[in-house]
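Got some structures for you, see below.
The same chain A turns up in both complexes below, where it pairs with chain B and then with chain C.
Up next is the complex of A and B:
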């Protein structure tokens, strides 16, 4: 049918982001995108007494900014779609307990940002909801503690390893005209090329990103030059060249337009090894920096490809390799003169 | 708009279950619903070398039965929606790796059965997919190990505690005429009444079930007698009377039609304390027993209310109370003479 071509959803109605909310931690506040976020905490504890509470504060604050900027209250929202990296996505669950909005929990690891946005746009387009709130979060200390070691332990990290972004991003999807439009979404498949090193997720996720990007261009018939940017979520400096090489092998050259949120959010001299990662990485770059550029019209059309490594802390010990996924969303400027 | 009334989605098109697949473990095979499942394993290891692999085998087998009975192959399926209780829903992720179907991971704990079914029906109704595969699983030993202690440890259990069902259920949602129709879905809100005892999830979840059931009857204008059964997921013998009392206080009497999958799947003399629980509890009862009764027409209309406790293994230690949710789906017999 017309609204679906293979893996790509085309939305029949004009679907917009009513507003966005973004909150980051101290290291992100010293990165090159500082000033694009609504709140930049100077301490990892974000004024809370535990890392768990700190991550909840990030998502709570991102949602509060988003609602306020959209001029909406929780009662105006029909559905809340959220996900995070905590076991059983507890950050999202506890925020859903606070806001009491009908809730669909989603899990796509760091791809949850675009998974929730794609699902939200689909629900609004099809008339099952008027306003959908989408949110994701990650916190460096909660993620390190859960997947590796508590940060206080001071364990060494490999150079291929990424640094989980501390932050949260939220947006409201609606048919009410806004500054940024959600045009299409490409839903990814799970790809596993046999990487078993949980300290090298950029390499593990690159084939999944390549699969989704390749499929997106096949489904839409577009070319890379039709986009101002093709932005991956958290492939980092290790995974990004692998992605570009995998696509070049298939005859698709995105090198002129490709950037990665994980390398955009930090400067090379920050102590993050291969770059940023986590649900918040693609979320705060998209809902902060990219949203601002699209809203003002200096970017016309962007493909955001959020990447996720679908392991847990036990699967590497059980000698499993790492299944990965990528979900892509096309965002366009609603300013006149867009493509 | 007409297709949504508050929290309840009404599907415009006739939406059907093309088929179902259900697999259970040894204790379930000795329960009163034995014979309604496609495969009943006599050992908890399901022929695999680890509990992790055993749970994957359950979901793999349930999907295989479902596809075979629907006369479809993986290539016919547009989307795979799945969830489970493992940290980062790894059972679902690893199955998505095998079947390579575009994948949206969902998390609603034990409510994931009806969360995936509701979302699948919505995607088919709105024309974003023709065939959606929905699946969930749980395994007693993987769940006990993760949330409490390894079963080999032989720890004592409280009488309010439920027993995680070993099993998996799968279905394919489609517009092609079938024997059972998906009519409506009510999406739940997260409710937390302050229960902090992870060994008493029936009590914790009862208010969430009451909220969704109350909302469903408000949204649809129906009465309990319009249903042959209102079936909760895993409130057990402890939570079920609390649910009934909460609804009676609001003037809604479902006692004549209410049953709970957690008490239906075992006999009172089986060593399961308060009854069954887990994603598979509502899934195998719905896709096994209820599907069979609806298909033959001995049940006309059923409301399945899958309940989920949205904690993880850390939150009770952090003195958090337990947020809970319930998602409800209306299933109808497609045989002539349905209501």
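Up next is the complex of A and C:
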């Protein structure tokens, strides 16, 4: 286990993703990445009685797919790291009640996807666990209910607003050779540049993403050309140009390799305003689309930067500004001809 | 210069999407107008077929609009229309009905008493509070003005 400068971890052992599991909701299944997910629900309730149970079903299914594809059972897993957006991360807690795997709940808002993956890889690398299950979920209706309005409430939405992705992503981190390797992770700092509008999280999170990406390139000494893609979690169509400009000003040009999961998962004509957001946004794009492309070798090295806004529904009303964070993980194809 | 934490909020405005105020107003105007036209149709219907006076026809008209709006909310249509029409669907009584019905639906899973009853006026509460308060204030003002003149 070695620390590179202050914020980056470079794993000593080869760490792999044994398999991934992804499930999405109806709108995501009509998006451009459809076909990359294991299960695409055609109704937001996922066959359950309440939104809360629907979100739980998403994570349950994602984990089941992941375990089945890795050929492992719950008993093979040493540690379960999970996070979601609901109060007290109940989706994760209740799933841990079912699977009985030793559990560490994690919360980094929408950055939880890479937070759990980075921590999981580190625990496997250091030898404290052999197989770590990392999972996150988000559901449009549970997030709307908690942070905005009831699902069926009719009101105009701002163009800067994002649409919470319904879905869940899970992966198993292990030392057993797999198709995709976890190489490094850069842990972000909390950045707050004074944005207080909860319907404009792309703008609020862009400086946090810029800080983590800048630090990552400083720590590793790499250049943007060394990556096939630098993917941010949910900066949306509003935050992405801001991120590129923030880094251009510092002399780092990622415009050719940068993409955002929030704009990848939907087409521009879908009713999602600025794009997708939520824990599942970066998780399903990474564990679905990016994992598939890394596994087949058409992508060699990807930097996934999951962004999170660390607010609750009351803090913006109390006129507090929004603290934001971004965690980055380097994923590499294990196929021959690595970069 | 965006890399300036102190002035980020001001400097970033150039990167924000332009709000289409004119189209928003236009859509709110015609959809809101259409709802009012439907309301007028219903009122005329009650006056013509059930021989209500113009004043007495008001109550069943509002009740009918509320019923339609609540049904549209339940079928998941109202929010889609409202996203397009904005204030055009919020200002009429249909918007009030939608706020109550959607809250009831949302909190159904928490039970009838603590879920539905507690949260029913979650969104409509502000309308009721400011409606009652402003009516009281204006009533008192009117009383004073009448006393003076």
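The working rule: the second predicted complex is superposed on the first by the 335 of 339 C-alpha atoms of A that agree within 3 Å, B and C clash if a C-alpha of one lies under 4 Å from a C-alpha of the other, contacts with A are read in each partner's own complex, and residues count from 1 in each chain.
Here is the rule we go by: contacts are C-beta pairs under 8 Å (C-beta built on N, C-alpha and C of every residue); 3 or more make two chains touch, one makes a residue touch a chain.
All values derive from a computational prediction rather than experimental measurement.
A.B. asks: If we overlay the two complexes on their shared chain A, which of chain B and chain C does A:180 touch? Say first, second, both or neither.
C.D. replies: The answer is neither, since A:180 touches no partner chain.
A.B. asks: Identify the partner contact of A:170: answer first if only chain B is touched, second if only chain C is, both if each is, neither if none is.
C.D. replies: neither
A.B. asks: When the two structures are overlaid on chain A, which partner does A:52 contact: first (chain B), second (chain C), both, or neither?
C.D. replies: Both chain B and chain C are touched by A:52.
A.B. asks: Is it chain B or chain C that touches the larger share of residues in chain A?
C.D. replies: Partner touching more chain A residues in the overlay: B.
A.B. asks: Contact-wise, after the overlay, does A:149 reach chain B, chain C, both or neither (first, second, both, neither)?
C.D. replies: After superposition on chain A, A:149 lies in contact with chain C alone.
A.B. asks: Just to be sure I read the superposition right, which of the two partners does A:160 touch: chain B = first, chain C = second, or both, or neither?
C.D. replies: Only chain C is touched by A:160; chain B is not.
A.B. asks: Where does A:194 make contact in the superposed view: on chain B (first), on chain C (second), on both, or on neither?
C.D. replies: Touch status of A:194: second partner only.
A.B. asks: Which partner chains sit in contact with A:304 here, chain B, chain C, both or neither? Use first/second/both/neither.
C.D. replies: neither
A.B. asks: Mind sorting out which residues of chain A both chain B and chain C touch, each in its own complex?
C.D. replies: Residues 50, 52, which sit in both footprints.
A.B. asks: Enumerate the contact residues on chain A facing chain C in the complex.
C.D. replies: Residues in contact with chain C: 49-52, 145, 149-160, 193-195, 200, 203, 207, 238, 241-242, 245-246, 249-250, 271, 274.
A.B. asks: In the complex, go through chain C and note every residue touching chain A.
C.D. replies: Touch list, chain C to chain A: 1-3, 5-6, 8-9, 12, 15-17, 19, 24, 73-74, 76, 78-83, 86-87, 89-90, 95, 98-99, 101-103, 105-107, 109, 122-123.
A.B. asks: So in the complex, which bits of chain B are touching chain A?
C.D. replies: 1, 3-4, 7, 9, 50, 52, 78-79, 83, 85-90, 93-94, 96-97, 100-109, 115, 119, 122-123, 125-130, 187-192, 310-315, 318, 320, 323, 325
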